[in-house]
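Chain nomenclature is as follows: A, B, C and D, assigned in order of appearance, with residue numbering initiated at 1 for each chain independently.
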């Protein structure tokens, strides 16, 4: 950490600060020059409150020089983490597709969608049983029954399943779930994140609507520091001033940025980001070209009658078409 | 709800759509004119997925005409809700101040702060026992012990207390808490909101970092529709592109906007919004002048040694000065 | 335009409003139903101030149903506009690459860069002679001399040139420029836009940092309505809350959205959006995969000594590598 | 400026960098500690490209320690700049009100409004003659005729006038204008800013929709470094994700922040920020309570028939009421 002092601070105050910092177990390395004094702090500054230091009268600014995330930091773990479930692999050059409906609505529906997305090349089935909805008056999912239908679809197709957990009380119901999704709204529900540390399943952690990449990595850190290293990060669009033509703004530059900062795999959800079926294919292709380790796409057998997010769902036929184009993009990247 | 059709849609498709809408229990009132057809839908359109309708080939756009929030809507409940705890009243022309440290650190600390903020005119004591922190490595609060210290401060001063709940499992510990705070990060933790419906205490609901006012009201609606009508809304700054000089952007226009939309009281937290002690007083005064029903301010007896958010805390002396200025603003408004 | 009246408005006020609207030359089509009255307005509502109507006591809301942009609207001009300069074509399935340094620094530099980007497949040379800089103390470009050097590079390589115009006074110097760029900061400099109507050259119009797509299209409309239909739209990143790891947020979903709304070609500038050379290749590939009609990339023969934006420039070798990958993406899309 | 090197950089590369920096005329002060080397640079680093330094292989990050703005920096000019026109004074504890219509529409209109706002306590008359409009099809102002009507109103009431300049070609028409306004869309029209350096009138510089405070100050710097030190800064709302209930988000914390960073006066325009007449009074009061040096409010004698922005205009009666409340707030602050 670097502490920049205000110009013209007297020696007495400087040495008071230096003594106080030393008392916190830090060694202090001053760089003097002209009117400005800069202190380099070495040691473990994690107990220091940056904004507190900044508020001291003689301090101009404080600048951290090390990343606050450890477990997920690529600096300390240079090789890609590869996460495998069934035949799906994410990371380390592997790319997989997750597909399925926003909500599980019936056994027939989820089995039919599972069969069609498997035939088109998807390796993981998605489907919501517990649905976070902005309005208390909207359909909230089939809950336990939805999980049972997902299990049937898994048995019939062999596809591993991913579904969202909103409350740790429901964990006992998730025994046969292969990947647990934490939604954007719960990305900073720290109590929930901590409980995932003792779960032995991969976690698909979605970036919150207005969360920075550092915050996303710190939330991954909560899970990893609690004992579960299998985290997949997911970009699903951020909230910006533009919301007329797309629901959110898909921030694809996070793909190469995150892959530089962390060894964890990064997948992209173009369905929730855009909110419109006709934008899913171009953005899925763009995500693959940007280097994503996987794509998550909503597919519904009958979008006009979907109970949730029908407008952004592809039909099975559209998904098969999109999947074909994504495979060609992937080949072009490797070629 | 209004459905605008694309120009030149044939009569057959129009009547198919009209029939389908009628089948959903809606009566359809077409307004024909020039090349454009507009359908007015009357009935309960809550089961209709707006974005789904919008995705139909013949539909140009769909525009809701009624608010999705009911319980908190001023249209159906014109009089201000007044929430009283101890000597504090929020709403209906009443204004109260909540003050105290970010975190409870010790019995001595919280009792001393409580005494000083009471002397300066605060009617409610705040203090965090369970702290949501971005990093798993940061101080997370004293938990149950912190609640016990708050109770001591309440006993010694008579001030009612407000503190944050992050997990419904902790509710049994909150028996002596007077107002339960739901933090910005949990504003859309719907399972938690639903459980607050059966709690017989006021809830202080903070706006999430990037949540719209409609979303804030829908989260209040979750609590109210579950049975608890005592909700206080709190603006605490939103995330914008400007984060160099202030932590977040305090959005004071929400005060008059919310007071038009809802009968619930609205308080403002200038401490978390700005992140800097020297900005708290001007923004607290501005909040009072904008018509807020209360203010929540961080006060710490020793900000440089605060375990959390010391940089934004006022000293008891600074708080007394700020409180005096706020009282003068309130008088000027009534005068 | 649709006007939604408040519930319970009396007939007299309704007919006053209807008469007033009719007096503005609009025919009014009421759709009555339940407690709500909806008026559909047909005619030319362009002289009506939407926000004014909204402010009337009896009006609940006003919703436009037609797009405010005409000349650039795909509804009235379904075929893609194709813009050709030299061997470059943008739109209608054609894809071209623009490359070159941020600033023209010397004749040797610009000629050398022009030769290398041509060899790598670029069809247009870029280079700034008039540079908009945040600080008045930063290098502002070589001005007229820079334009002369660009012309030399054009003569030597045959590449058409694109460069930024900041002030219409400089137009006489731009005779040999092939495409005039209007930068993000001048996207709503309406006086400048109007003067481009009488210029017989394509205009590359960059989206402003916080401008909506509608505003971008309205700025294109200023140029087109003034007489110049040759406008190329350019996405170059928007300002969001995330600015630690990328300079701006590249909003690639605008590519398919704009191509639906307008017949004008859309190019993407990943260099300014990301601000970091190592992010340019993945985002350029993503832009091509999203369906962009072209890419604009900064290339400098010696980035560490560039006078402007060196950190985001590719070397000629890096550009050749990136260009090869983009060609493969384009083939995969057509294959 | 501070340069943080990556851990484990060899001595040879370090000394190459140090030599190169010294060659740029900077003296280099290394602070060594643990695995991290930090270089403090002293001298004039303005010619160094920060992002370039950051792109070097051995550099982890670069952190500026001094402000890029000089002329407007309070550090070098501790006393408030006071700007006087007619009886209005801005800064140094003085507070003045600017009021008038968005657009000048006729001589009768502007004279009538001028008389009424003067009677209510306004010291400056505003009125637009050249109007920047998003659409080329909207009313663009009366141009020279509008300026003549403003002059009449000035003659009749004695009020100095402020009006917007969009194009330096129009400067000769502005001889009798007292304060020249530069609108939000032209805040970074640098050629225009430079030409204001030779104008001997105060400039009211509005913050752009998505500009940081640093950018606002750098734009003031363009004017001041070109020779005109009389700049008034104006906050008029920024673009955020919330635009349903307010047009923009009024960022009042900039008032105390700017007053700390600069000696220039700061005024607030609540009319454009909110876009709704009923929000103007509470936000004007809040701005005064936050410490603004002045307020700019739109007033129209007949808002429903205003040619521009009628929805956000107060009537003269409403303005008189608001002005009275603002005076009481100002008294309370001084009391």
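Here is the rule we use: contacts are C-beta pairs under 8 Å (C-beta built on N, C-alpha and C of every residue); 3 or more make two chains touch, one makes a residue touch a chain.
This one's a predicted model, so the numbers in the text were calculated from it and none came from an experiment.
> How short can a path of touching chains from subunit A to subunit C be, counted in steps?
1
> When the contacting C-beta pairs are counted for B-C and for C-D, which pair yields the higher total?
Here the pair linked by more C-beta pairs in contact is C-D.
> Greatest Cα-centroid separation from subunit B: which chain?
C
> From the C-alpha centre of subunit B to that of subunit D, how far is it in Å?
31
> Rounded to a whole Å, what is the gap between the Cα centroids of subunit C and subunit D?
Result: the chain centres lie 26 Å from each other.
> Starting from the mean Cα coordinates of subunit B and subunit C, work out the distance between those two points in Å.
38
> Out of subunit C, which residues touch more than one other chain, so two or more?
As it turns out, subunit C has residues touching two or more other chains at 210, 214, 239-241.
> In the complex of these two chains, what residues of subunit A are touching subunit B?
Result: residues 46, 49, 51-52, 54-56, 68, 132-138, 166-167, 185-186, 188-191, 194, 208-210, 215, 218, 221-222, 225-226, 239, 275-277, 303-304, 306-312 of subunit A touch subunit B.
> Across the complex, what residues on subunit D touch subunit A?
Touching subunit A from subunit D are residues 2, 4, 27, 29-34, 36, 38-43, 60-61, 63, 65-66, 210, 239-241, 243.
> Which residues of subunit A touch subunit C in their complex?
Against subunit C, the touching part of subunit A is residues 210, 212-214, 238, 240-242, 244-246, 249-257, 260-261, 273-274, 278-279, 282-283, 285-291, 325, 328-329, 331-333, 335.
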